[in-house]
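Naming follows writing order (A, B and C), and every chain is counted from residue 1.
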């Protein structure tokens, strides 16, 4: 556990030091936020101020929270993990006396949390200036742990997904599809309440909702603390999944040879 | 007739950003001329300004000051016209398309140089034969070894029949045999087609095996310019031997050879070739001792340059 | 022109040499595009009409966007990498050839995945864009103008590396920004942002103007689109040509 914490800390420091990269990422997030603010306030305005139970005010807080939670993880991460696996680079990591996937997750978590905090700080200011304070203080209090859990779920799922590269050669480009699942079924682009009822029910039952919808739902003023339990359950499940995939994959590498 | 002529050619680069930005002089007032049909080695250590010079002569870089003409053209203002008449090969950059075969690249080049289709095909086959690459040009470039690839690169460089050939560190990274083969090809192109060769290198062997004249550049300035034959008489007079004995040889003394023990059984020998040949030293060693391994190398360029400076003062 | 076509053909051959990967990437990108179509359908199902935009018009915009990106970033994939190529000294190979270096570089590499966009855009137009011969002509015209603006903007931005140094980060940010802004209906933005989209980040010319042209053709708008294309093409060519004098070929010297 100590090794993992140390790894997370080192990565967090590194993320803080690469200021240029961090700035570009946050700027990118800010641009998206400006666009979505325009889009959703226009959409709410065109519908008498409220759509599916969200008004412009809560919609913007929703979007800031959803985008912020997702954008904290690296883009194309599935591709780069897949590359490390299929090129055999991962073999050197297998020599260390610690879990490969554990160390990788810790490293990504350290970086992602730095980006999460920076993005949300900037996003919070933008949305606050645009539509005023968050709809509910309790919601924001719940959002803080929820955003951390969301990042954890996302990272664990991406590692589990990318682990397919142990078996498949072309698994790398699948990050595109994964990303779209988070966008649509995870509620990043639009609240799940916007989906047709049946699809929304399916989406709620999938892990992607824990990565964007849950923190955004809370930040948009819906005080629904049980959502944190759903997230925690998914986090445990996804971590087990990632661990299992890597465990089996590493056994396979040892047998077949790098 | 002149192939290349430069007069006080200089190039500055600006380095760093913001407040740290400063100007660095990469090439300083170089002046020289190259006759048609000459084979010139333009040598110097890494960062001496070799590549910068070659890139100005091919029109890739604009000089900060000074003049130059290649085949009577000013490279940086008449780049396209010049490009049709010269060939340029960069050892560290490939002009071949990695996933395709050399023949496919040659086909594209024939379109770019506006060669007649049939002529170009015939020429590609001739070149492949000349460069021992007949089996290679129909293989994807990614499957070639570096030495094989360089021969294909050379074919791509000379497809349009250039009058001057600029080679920038073409032998870098090649193994000894591949280097030697590549050098032979360059000499053959020069002798059979009369192509002028301008070759940069930091490998002393490239001078001896390719060039008939050598220009040495260091810190952006030309410090030596002479025929290779004459340079050999005055400068390249030492060979280095590294000898590993089966057992410690005890006291080792040969006339005209400077001996430096590196361990009990490994010795470095510097042979003064004015006094005796490498062969004589080898004979003497093999007769007297049980030898595990011997390698013969040229003195490094740094030593040659030190000798040039030494000779001047 | 023949040289450009020959280069593009060779770039195609190179992308095609890994056939399985080719179809896989094209397929993934098409699936990605379908996801966006789903997003817009869901969005407008709830929102209804938004300042003159509905599902119909937004799918038209998306058809233009994917066609433009397929052409400008798929066929001419180096357009967005120019700054990086300059910084890495990769113009050398182009400058050693007796041809226009910019044309050569732009046609030198095809991005397989984005060819999926190029396949998707026209299909979406045919399925959802009420194609008539006239509309199809305007669609092609609009997409071409949009492509020229996009490529011109990216080339000009990448050429800044010739003057200012760096590794082409500004071009990357510009690329991200113009593509995101071009993905959304221009009318949702307020006056100041709109002005910005007609000038600094000309996303309006990439998709907004062409979309409104296909919806209802007006000559002044068509001339505007054409004028913007001419302007950005000229800006790109000029910046690049003047900047070449300062090209440093990624020399070690400049990294000291």
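Everything below uses one rule, namely that a residue touches a chain if its C-beta (ideal position, glycine included) is under 8 Å from a C-beta of that chain, and two chains touch if they have at least 3 such contacts.
Not measured: the values here are computed from a predicted model.
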Innermost chain, where centres are averages of C-alpha coordinates: C
Computing the C-alpha centre of each chain, which chain sits at the greatest distance from subunit C? B
Whole-Å separation of chain centres (CA-atom averages), subunit A against subunit C: 29
Can you work out the whole-Å distance between the CA centroids of subunit B and subunit C? 42
At what distance in angstrom does the C-alpha mean of subunit B lie from that of subunit A? 53
What parts of subunit B, by residue number, touch at least two of the other chains? none
If you look at subunit C, which of its residues touch at least two other chains? none
Contacting residues of subunit B [partner subunit C, same complex]: 13-17, 24, 26, 46-47, 51-52, 55, 58-62, 79-81, 83-84, 88, 90, 93, 95, 97-100, 104-105, 107-109, 111-113, 140
Which part of subunit C faces subunit B closely enough to touch in the complex? 2-3, 6-7, 10, 13-14, 17-18, 89-93, 95-99, 104, 165-166, 244-249, 251-256
Residue positions on subunit A within touch of subunit C in the complex are 20, 24, 27-28, 31-32, 34-35, 38-39, 42-43, 46-47, 51-52, 170, 173-174, 176-177, 180, 183-184, 189-190, 194-196
Touch list for subunit C against partner subunit A, complex: 20-21, 24-25, 28-29, 31-32, 35, 38-39, 42-43, 45-51, 113, 169, 172-173, 176-177, 180-181, 184-185, 187-190, 193
